Amino acid sequence: MLVHTDYLFFHTKQRQEFIRITDEIAGIVEQAGVQEGMVLVSAMHITSSVYVNDWEDGLIHDFKEWLETLAPAGLNYRHHQTGEDNADAHLKRTLMGHQVLIPITNGKLDLGPWEQVFYAEFDGQRKKRVVVKVMGK
Amino acid sequence: MLVHTDYLFFHTKQRQEFIRITDEIAGIVEQAGVQEGMVLVSAMHITSSVYVNDWEDGLIHDFKEWLETLAPAGLNYRHHQTGEDNADAHLKRTLMGHQVLIPITNGKLDLGPWEQVFYAEFDGQRKKRVVVKVMGK
Amino acid sequence: MLVHTDYLFFHTKQRQEFIRITDEIAGIVEQAGVQEGMVLVSAMHITSSVYVNDWEDGLIHDFKEWLETLAPAGLNYRHHQTGEDNADAHLKRTLMGHQVLIPITNGKLDLGPWEQVFYAEFDGQRKKRVVVKVMGK
């Protein structure tokens, strides 16, 4: 049984950014030498998401607008009484999900034709981390 | 250590359908011969969900109405400039989740009394696939 | 390969409660003796969530208000024709997520600085259960 751990680091220029990380995950799986198993990709910060969806700029724009509708910035959140201003980022990350688990088959990510793995940052401009844990044989 | 891979295929008649797949997953786990471990059930298309909830037609009706409220079809989505018309399906699948991981204990799915596994199709009438990855011993 | 199973039980006083369970999960992982692997924490009832986010009362208040906006109680849900009154709890649990998978590195939960694991109850005042499945070596 093989278990392999790695981390991805992000420091985005914008407060909100969506970054494709499929190739980075595939690279870590190859390095781990796992032929059959699973890889967990999980945001280690609670204002970021890891999710699987389409690599299409229009849809990413739609996601951002939609998240702003369902979890708007700038409201009078109770969390902001601590001095924070990012309650909306906690809510947005909850809608998009905080982690994905990808099957590994024959040494490759077993993804459908349009599945791409994304890191979504909702409170960036500082150092953030994603854990990548590979398990299998 | 045992790892076993299988796939479920769907081709729904309606654009939107909710299909119970608990028995199919249980069958694959039995075939895998895993006594202790986990099974990942994950939609391989980005306009479909796999989720766990109640097998009750009224609630499934409520889910559909609720998803239409939070992620309506027919809006002027940017994604539609590519020729697609399914941006709402990407959003709905995000709300319902794209995968579940079910524990296997004593050779059985370790589910609570009302937990049922569902495949939710939001852009059907074509071939879709779900990956089922069993891992354990 | 080690696989270890445990359960957490809840019987909340309020209909809705958010309970931090990070330490309980860490204790089960220690007991399992797994140094490298993953632990699945999954609600066995379909009106409860397990999620990872901030341990800050203001934010928990914001989550509750936000869930009430997006998935209100007291609507005329079809599910209620069965005699139930908890359709909103099924929807709220869907928004917050039903499970998390936490990496284990060097025998410890591999969590970011602010990550805390929570059980969220949306239809309490009765016995509920969470399964904790540890897998690794």
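Per-chain numbering from 1; labels A, B and C assigned in written order.
Here is the rule we use: contacts are C-beta pairs under 8 Å (C-beta built on N, C-alpha and C of every residue); 3 or more make two chains touch, one makes a residue touch a chain.
Keep in mind the model is a prediction, meaning the values are calculated, not measured.
If you draw each protein chain as a dot and join the dots that touch, every dot ends up joined to every other dot.
Different-residue interface: subunit A and subunit C share under half of the residue numbers found at their contact.
For the pair subunit A and subunit C, the distance between mean C-alpha positions equals 20 Å.
Counting partner chains per residue, subunit C has residues 1, 70, 95, 97, 101, 135 touching two or more of them.
Within the complex, the subunit C residues that touch subunit A are 1, 36-38, 51-54, 56-59, 61-63, 65-66, 70, 95-97, 100-103, 105, 110-112, 114-115, 135-137. Those residues of subunit C whose C-beta lies close enough to touch subunit B in the complex are 1, 3, 5, 40, 42-46, 70-71, 77-82, 87, 90-91, 93-95, 97-99, 101, 129, 131, 133, 135.
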